[in-house]
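Same chain, two partners: chain A is paired with chain B first, then with chain C.
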Partner chain A sequence: MTFDELLTIPPYSLDHTQKAEMLTERLGDLTRLHKDKCEEYARILEGLSFDCADIDSYLDIPFLPVRLFKERSLKSVSDDEIVKTMTSSGTTGQSVSRIYLDRRTASYQQKTMVKIVSDFTGSSRMPMIILDCPSVVKNRAMFSARGAGILGFSLFGSKKIYALDDDMKLDVEGIKAFLEQYSDQKILLFGFTFMIWQHFYKEMKKLKNEGITFDLSNAVLIHGGGWKKLASEAVSSEQFKASLHDVCGLSEIHDYYGMVEQTGCIYMECECGHLHTSIFSDVITRRPYDFSVCDVGEKGIVQVVSTIPESYPGHSLLTEDEGIVLGEDDCPCGRKGKYFKIIGRLKNAEIRGCSDTYADKFK
Partner chain B sequence: MTNIEKYNNAFMESFEISAEDLPGLKYQDIDTWDSVGHMTLIAALEEAFDIMMDTDDIIDLSSYEKGQEILSKEEYGVEF
Partner chain C sequence: MRRLGGAATLMQINSNREVLNKVTFLLGDSDIVKTAENTAPKGIFDDTVISFLNDVSREIMKNKAARMYSDVVTFAFWIRKTSMLKMKTRFFEESAPLRLGRGIAFHIAPSNVPVNFAYSLVSGLLCGNINIVRVPSKQFPQVDILADAFAKTLDDYEELKPFVVLVRYMRDKEINDFFSSVCDVRIVWGGNNTIAELRKSPLPPRSTEITFADRFSIAVIDSDAYMDSDDKRGIAENFYNDTYFSDQNACTSPRLVVWMGSRIKEAKELFWKEEHALAAKKYQFQDIQGVNKLTTFCLAAMEFDCIRKEEGEDNLLFRINNAEIPDDLMDYRDNSGYFYEYDCKDILELRSLCNNMSCQTIGYIGDSSLFEPLIKSGIKGVDRVVPIGRTMDFDLIWDGYNLPALMTRTVVIE
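Here is the complex of A and B:
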């Protein structure tokens, strides 16, 4: 199956058997493609004595540790075909992943994201408030994961405004005018978890005490980028939602999980509070001692597979996150596919995530 | 201003280029038409023709010529 064919299928419509068959075919094709086009990848497979003919299931395909994209420059296209290099978010002094995109893979990423997000927000574009500062997308040469996230989601915005200035101060007047202008429309809010908490929620709470309030009851918030910092301040997902609802009436809130190494395949949180895999990707939890596949409900290291990457060998990766697969095809929200939760980072893992790397400055 | 003039202006102002650069121009051909520049172009086109484009069309608008084809579609009704 080609990726363009995959794009015609609704993103949460395949059950376990249909999805496994599709993933085995597409990820098998990608494994063979990268073996042919990427010398380093071919050598890794050789080192593992892995034969592509042995792929009975996509679960058999080797996974590369995400760290490898920091240490090695891995690509399956020639340099003149590369149109964009994406970098992971990293704290100061940390090395960053480099992900090489050609036109085709970059376009697949955008199309996939539109399919996934539209399933939650509807396909029409909305006036959008970006809960970040404008300078994040200005440095084009070094495109960070944070800038890429904002830009990716900007597709869903019709008119846009940044809620923060470059000193991360809330633009109260600007937001007020924007909300007045679009008072009859649903508003899209997008940002990273810690920035929202630190610079939006805390500021609004203060303003509320001064008698200044915003009504965001007709808005939807999408946020991502890691919970580590908020977890350390003992702010849970439930509390995050309840607090935002309390200060501005916001009730529709979706967290998402994703990483720059597999941009496009994000995992959106549904109305029941579960992160969902779409048909474009899957999450497999593995036991740390032998990397066998965990049972439903058992904590393990998260492996992610994506049907998108053709320009770099990142279709099967082992993350440094721990998670639990909660079930498959039977979430009360009605979406098919696995649903899961992320517990946190493995011990001694580097700090990652657009939210957490930024939060590292607030120690 | 004619529609083609409005269309060309959106490109020239968004990417800081001149009219002779337009024919055959494709996404990512020049530094200014990157993913940031692309959203600037979309905003300029929407403003110029008072339309709101679908997300799929925003992604598909991959060249100067393709953009004319998309805007000529019934839902936007721009005639060149």
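Here is the complex of A and C:
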């Protein structure tokens, strides 16, 4: 099956058997493609004595640790075909992933994202408030994960404003005018979890005490980027939602899970609070001790597979996140596919040894 | 202080005192440090020191909690009088020139090996030095147990109190500067990064330095000798102690297993079966370790087309077969049960790898004479060739350094 054919299928419509069959075919094709086009990938398969003829199920396809994309430039297209390079948003001093996109993969990412998100927001575009600052998307050839997220979601915005200026100050007047102008329409809000909490929620709360309020009861918020930073402030998902509702009446809030290494295939949180796999990708949890597949309800290391990547060998990746698959095809929200939750990052190893460890293992 | 001299001295002393405020003393105090340079060093293998160490050994063995830690017990065993006297026989000659401690020895212990500081300290003591030892900043019960045993025993050895100072502090250049400025010999464990960090702190002109850099080690197994052994369980235990026991991450831990002889295939199978069973029983696997090993393997596989991962039961043991040994294979070493393997016909095939000066120990099963042609071929690496099970055994000749020679001053009287 080609990816264009896949795009004609509604994103949460395949049941377990249909999806497994489709994934096995498409991911098998991608495995063979990258083996032909990416020498490094071929060497890994060879090192694992992996034969593409042995793929009975997409679960058999080797997974590359995501860290590899921080260590090496992995691409399955020639340099002149690359139109975009995306990087993960590593903190200072950390190495970042570099993901190379050609025109086709970039377009697949966009189309997939539209299919997935419009299943939650409807297909018409909405006035959009980006809960971030404009400078994040300045450099169009090099995208950070934050910039990529913003540009990706901007597809859903008819008119757009940034809620923050480049000093991370809330543009109170701008937002007010925007909300007045589009008072009769549903508003889309988008941003990163921690930025929203730090620069939007906290500021709104302060303003509320000063008597300035915004009414966002007719808005939908989509946010992502993980909970690591908020967990350190002891803010849970429930609290995040309740607090935002409290301060501006916002009631429709969707978290999403995703990573720059598989942009496009995001995992949206449904009305029941579950992250969902679409037909474009899947989540497999694996036991740390032997990488065997976990049972439903059992915590494991998250493997992600995506049907999109043709320009880099990132269709089957082992993350360093822990998660639990909660069920498949039977979420009360009605969407088919697996639904799951993310627990957080795997703990770094504590290793004895004569050489003192400083920061990162790989430099 | 003596070496600082000049007009700045008084100011310097004051600021030095402040520096010492940042230091936690597990044993000794800042007064001992401040007067350390007036303490007379002792001669090598001093009787009082040997008797003291024997009492420390007894003190440790009296302690039930201490006996739970095999590394602590091994240390206690090493510092018994009989063992120290054997050492003395090896390193001390009556007729030779007089040897005295150099003065103040400043030791920086590795942060991830609990008992290493004690071996460094004992080496310094045996050589007659006044020792200031930085213990790991991480809390290990073994450190407290040992510090405690030293403290109790010192109560009976008033004259040795100025010779043993144990300090703990977070990485801090000012403190390194101070201790470096007063020491006569600096002993730096902890590998290349720590050495680089300490080298930012100057030493007085006559002071010397012993550095323990990043090293790797290998094992060579004669398959015939292994198959003939009737204690395969014991060999597995020994290999475990050389590897998994310290997360296969000590400088002495074999990262590559070289197989020789005529029964390689069956030896391999049996050896790893035993080892895996033992590791499954004893090793505390951490969830991220499988991901780490897979990452290292993938990086190596992208670099070298001569490697193949053996299919394994689980992530406890990664075996990577090498059709040849690329020169920079050891840049892709990992720990916690990650082994490269190579089937070898002629020991000289290891010449290139062992010519790397980072290559430290060869642990072997078989006959040690096998290695003579390799060593005699003039290689820059390999400081020790010892049976498997003994790669971690500390000795006063360590990492290619003759410590008694380096930590003493030799006085010629004609």
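Basically, the second predicted complex is superposed on the first by the 347 of 363 C-alpha atoms of A that agree within 3 Å, B and C clash if a C-alpha of one lies under 4 Å from a C-alpha of the other, contacts with A are read in each partner's own complex, and residues count from 1 in each chain.
The definition used in the following text is that a contact is a pair of C-beta atoms (placed from the backbone, for glycine too) under 8 Å apart; a residue touches a chain by one contact, two chains touch by 3 or more.
What you see is a predicted model, and the numbers here were worked out from it, not measured in a lab.
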{"item": "Residue contacts with chain A in the superposition, chain B compared against chain C", "value": "C"}
{"item": "Which of chain B and chain C A:354 touches, first, second, both or neither", "value": "second"}
{"item": "Partner chain in contact with A:46 - chain B first, chain C second, else both or neither", "value": "second"}
{"item": "Touching partner for A:10 - first (chain B), second (chain C), both, neither", "value": "neither"}
{"item": "Which superposed partner A:71 touches (first chain B, second chain C, both, neither)", "value": "second"}
{"item": "Which of chain B and chain C A:344 touches, first, second, both or neither", "value": "neither"}
{"item": "Touching partner for A:291 - first (chain B), second (chain C), both, neither", "value": "second"}
{"item": "First, second, both or neither for A:123, with chain B first and chain C second", "value": "first"}
{"item": "Overlap of the chain B and chain C footprints on chain A, listed as residue numbers", "value": "none"}
{"item": "Touch list for chain A against partner chain C, complex", "value": "40, 43-44, 46-49, 64-65, 67-68, 71-72, 288-291, 301, 318, 320, 322, 346-358, 361-362"}
{"item": "Touching residues (chain side chain A, partner chain B) in the complex", "value": "83-84, 103, 106-107, 110-111, 114, 118, 123, 125, 137-138, 140, 143, 148, 151, 154-156, 158"}
{"item": "Chain A partner contacts - residues on chain B that touch it in the complex", "value": "27-28, 31, 34-36, 39, 46, 52, 54-56, 58-59, 62"}
{"item": "Chain C to chain A touching residues, read off their complex", "value": "110-113, 116, 189-194, 212, 214-215, 246-247, 249-252, 285-292, 294-295, 297-302, 305, 307-309, 311, 313-316, 335-336"}
